[in-house]
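Take a look at the structures listed below.
In what follows, chain A forms one complex with chain B and a second complex with chain C.
Now for the complex of A and B:
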């Protein structure tokens, strides 16, 4: 278990880092949605090229992006392996009952390119600014207060609960516990989770009392720490223009 | 199991967001009627943080290796607000760990949140009948994962016939996790009954229902 240090390269300096958080979130979100909805492989490749270009501009280390993109393999690998074999269509290659179809392969490749383009854009968006800046920008973008506050608090308490978990866990390990997938091993995990919940509940009570004593009434005090410049507007419009272009491109090319 | 960006077609993604927004608005309105929502935010967040951390526990069950989902347990402990807590949890998983995509947070929340709500109702119904609480907890833990798998398969099959084999593989890989979650959730409920029964939606001793 490791800390979620998604913003560990937020201190770098690049045109993407300097982009105003609200503009960045809005334009990247439009771009990400556009990239996941492209309908054919050429347009998807174009989206991937745009994503990679933005990544290069952002100067994020390639290793960071590679390490962080591994979760998508859980979905992309089965799709790449199974779809060409199971989708009916024109066979490119066949051995006995097993056929490798063109339709399956092209659909799987389309999904893979879209997934890679999306994760590169997501990582560039999140990796180039502090997570606090992201959440604050969301609140300024009129995301409901309950949601933003819960994201803030939960994010903060993930670290606390992780430390709690690790201290219980190392105590258990010191007493010779190893996690085995049998009934005993799992019910011990159940006790561990239960203990974590009890600790978190009691902490939550104290946190709430402390916050109420300091005047918390459910409304965050937001100050706007960001200012939008003409260059930000231009960059944002450019990115949204690219997003629109990705959707229009297949129609024009046909 | 959280779906990545770029896999699903547009109508499914839009439907996921619509259902999630309706359910969030509904459960929040319900919570506002019950009491001050400002009171709930810090508590819910700390609990959501705990569930988030617990769901990072990695269990190797040959042939697959997986993280706990714990949506059954979240449903039992947090009640209708579990949908909000799971939405927050999934958003943070997408933002911090890239488990699941950004555009599919809506549909991913549907997949784990609706089973959580069903588990809550199942726990209430079971505890009224006087079935031992750890047993209902175990059932809810398994049920949460199974319903999630059912919804996941449904989402993939609706998205296109091409996903048929992929859906089958994912469903098969999740069955051992359902068993593991049933055991873990049963143990958690048993622990809470002994240590902190006020966390569970049951009438306490000496308290009038």
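Now for the complex of A and C:
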């Protein structure tokens, strides 16, 4: 089957792809935080422009980025709609007790632009290197072993879970089940989720046996042959410099 | 001959009270090829989990090369016994194949160069060189099965234990895996212990067969086990197809000079021997007793 791999374009070649994973994670994290904390719309637009420029440099297909960002944007949209109605200020339009305020609108636009910039940066970070490279880099960056191992297993077994879900789902379809939003339909979905949980629990026990059979005692479980070059350092510092610039820009512009 | 595995009066009970093993005593010699056959729930997997110490017997009654598994340090244990489980998805738990095959050697505390050497050699042995960066979900079931074997081979164990190695494999991958296990036994002197239902493959993989049904019911060479129809029926097992065909030929007057073949691969030798014995020709005929004998064969060997 075709899996929705987030790293399916990790094989492309671009300056962003070539950046050493640890440097990339650190500099992108700083940049993402900076983009999220910018204080006004011009600075947020600048952050978005930087994010888009990096995306273009990374040569990731636009379609891929759009597909991947849509599910996250679904969570941002309500903010865009609700903010103008809830933040008090100068009303642009009002109907009884409900007022659409200018301050609310500008706040909503600011949050949306920040969010889009952050999403673009996160997707560029995750899309330009293989997931295991990201995980290894996290391990080398001293992220606690338990968290890294949990991420490793999540990545490995999400596909097994998908296969198991699909096999139960097709067995249900083969017996004539169609998803209907009524009590019966939902209770069947509940059973399916329960079944998946039981299967995962049993599999976890077997996997643990497999790990023990190969000497697992909770220590770090991977090797990472990464090396940082001068070019990586320069690119990392440049990105962090841009992140700083985003914070300084509103002060200078004022 | 040295004793690779010695089990004495092993009994195991699950917390819910189910007795999975009862008074199991078994000795496996170094370099031997052993198959453990038995119905579902006969205790094969539980027995295997005792061999590598995943389940510990409260007594020192599971010994590997003379040492009790119970008190053996984990690094030593995994170098002596490697267990390949039935479902490769349970065994391949790392994101890439390289990481997975390197997992055991890293836990053994080997140097990075040695880990790398072992990973490449194990992958070469199972025919998966060049698959280092592959992720398990992009591999076929047959490849995953061989990858799981490589992940155990990288620890260079002296005893290889495989749970249902041929289950769910297509004929080509099944043949590949059988050949691989036999090569490991022959070229590297690894003792191989396999649990299987695939009776047609047993004679390819083992010189000695043990029938397990909570306790050891029978122990002998493949011929003595598969010709004992009472034993097979009592344990929900069956004889290989080739063997049954030769038994049917026997009803038509075919006489074989030695033991009947247990696989298609052994059939030509049996036919040649029979031809030599009978002056270059084999004649089959139906007589008054054929129907009765056929009925008896079907009754004894079929369900």
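Just so we're on the same page, the second predicted complex is superposed on the first by the 234 of 254 C-alpha atoms of A that agree within 3 Å, B and C clash if a C-alpha of one lies under 4 Å from a C-alpha of the other, contacts with A are read in each partner's own complex, and residues count from 1 in each chain.
Following the convention adopted for this analysis, a residue touches a chain if its C-beta (ideal position, glycine included) is under 8 Å from a C-beta of that chain, and two chains touch if they have at least 3 such contacts.
Everything numeric in this text was worked out from a predicted model, so none of it was measured.
**Q** Will chain C clash with chain B on chain A after the two structures are superposed, or do they fit?
**A** Fit - chain B and chain C, as placed by superposing on chain A, sit side by side.
**Q** Tell me the angle subtended at the Cα centre of chain A by the Cα centres of chain B and chain C, rounded to the nearest 10 °.
**A** Computed angle, apex chain A: 70 degrees.
**Q** Figure out whether A:78 sits in contact with chain B (first) or chain C (second), or with both, or with neither.
**A** first
**Q** Determine, under the contact definition given at the top, whether A:241 touches first (chain B), second (chain C), both, or neither.
**A** After superposing on A, A:241 lies clear of both chain B and chain C.
**Q** Once chain A of both complexes is superposed, is A:215 in touch with chain B (first), chain C (second), both, or neither?
**A** Second partner only.
**Q** On chain A, which partner touches more residues: chain B or chain C?
**A** B
**Q** Of the partners chain B and chain C, which touch A:42 in the superposed model: first, second, both, neither?
**A** In the superposition, A:42 touches no partner, neither chain B nor chain C.
**Q** Applying the touch criterion given at the start, work out whether A:118 contacts chain B, chain C, both or neither, answering first, second, both or neither.
**A** first
**Q** Kindly classify A:69 by the partners it touches after superposition: chain B alone (first), chain C alone (second), both, or neither?
**A** first
**Q** Should A:15 be classified as contacting the first partner (chain B), the second (chain C), both, or neither?
**A** A:15 sits against neither chain B nor chain C.
**Q** So, A:61: does it touch chain B (first), chain C (second), both, or neither?
**A** neither
**Q** Examine A:186 and indicate which partner it touches, taking first as chain B and second as chain C; both and neither are also allowed.
**A** First partner only, chain B.
**Q** Which value, in Å, gives the least CA distance between chain B and chain C in the superposed three-chain arrangement?
**A** Superposed model gives a least chain B-chain C C-alpha distance of 9 Å.
**Q** Can you list the residues of chain A that touch chain B in one structure and chain C in the other?
**A** On chain A, the residues that contact chain B in one structure and chain C in the other are 131, 152-153, 155-157, 160, 203, 207, 211, 216-217, 219.
**Q** Please output the residues of chain C touching chain A within their complex, sorted ascending.
**A** Going through chain C, the ones touching chain A are 49, 52, 54, 74-75, 77-78, 82-83, 85, 87, 89-96, 99, 102-104, 106-108, 112, 115, 133, 135-137, 151-152, 155.
**Q** For chain A, which residues are in contact with chain B within the complex?
**A** By the definition above, chain A touches chain B via 1, 4, 6, 29, 32-33, 35-37, 68-69, 71-72, 74-76, 78-79, 82-83, 85-87, 104, 107, 111-119, 122-123, 126, 131, 134, 146-147, 149-158, 160-162, 164-165, 179, 181, 183, 186-191, 193-201, 203-205, 207-208, 211, 216-219.
**Q** What residues on chain A touch chain C, complex-wise?
**A** Result: residues 3, 130-132, 135, 152-153, 155-157, 159-160, 163, 203, 206-207, 209-217, 219, 221-223 of chain A touch chain C.
**Q** Flag every residue of chain B that touches chain A in the complex, lowest number first.
**A** 1, 3-7, 9-10, 13, 28, 36-39, 41-54, 56-62, 70, 73, 77, 84-85, 87-89, 91-92, 94-103, 160-166, 169-170, 176, 180, 183-188, 190-192, 195-196, 199
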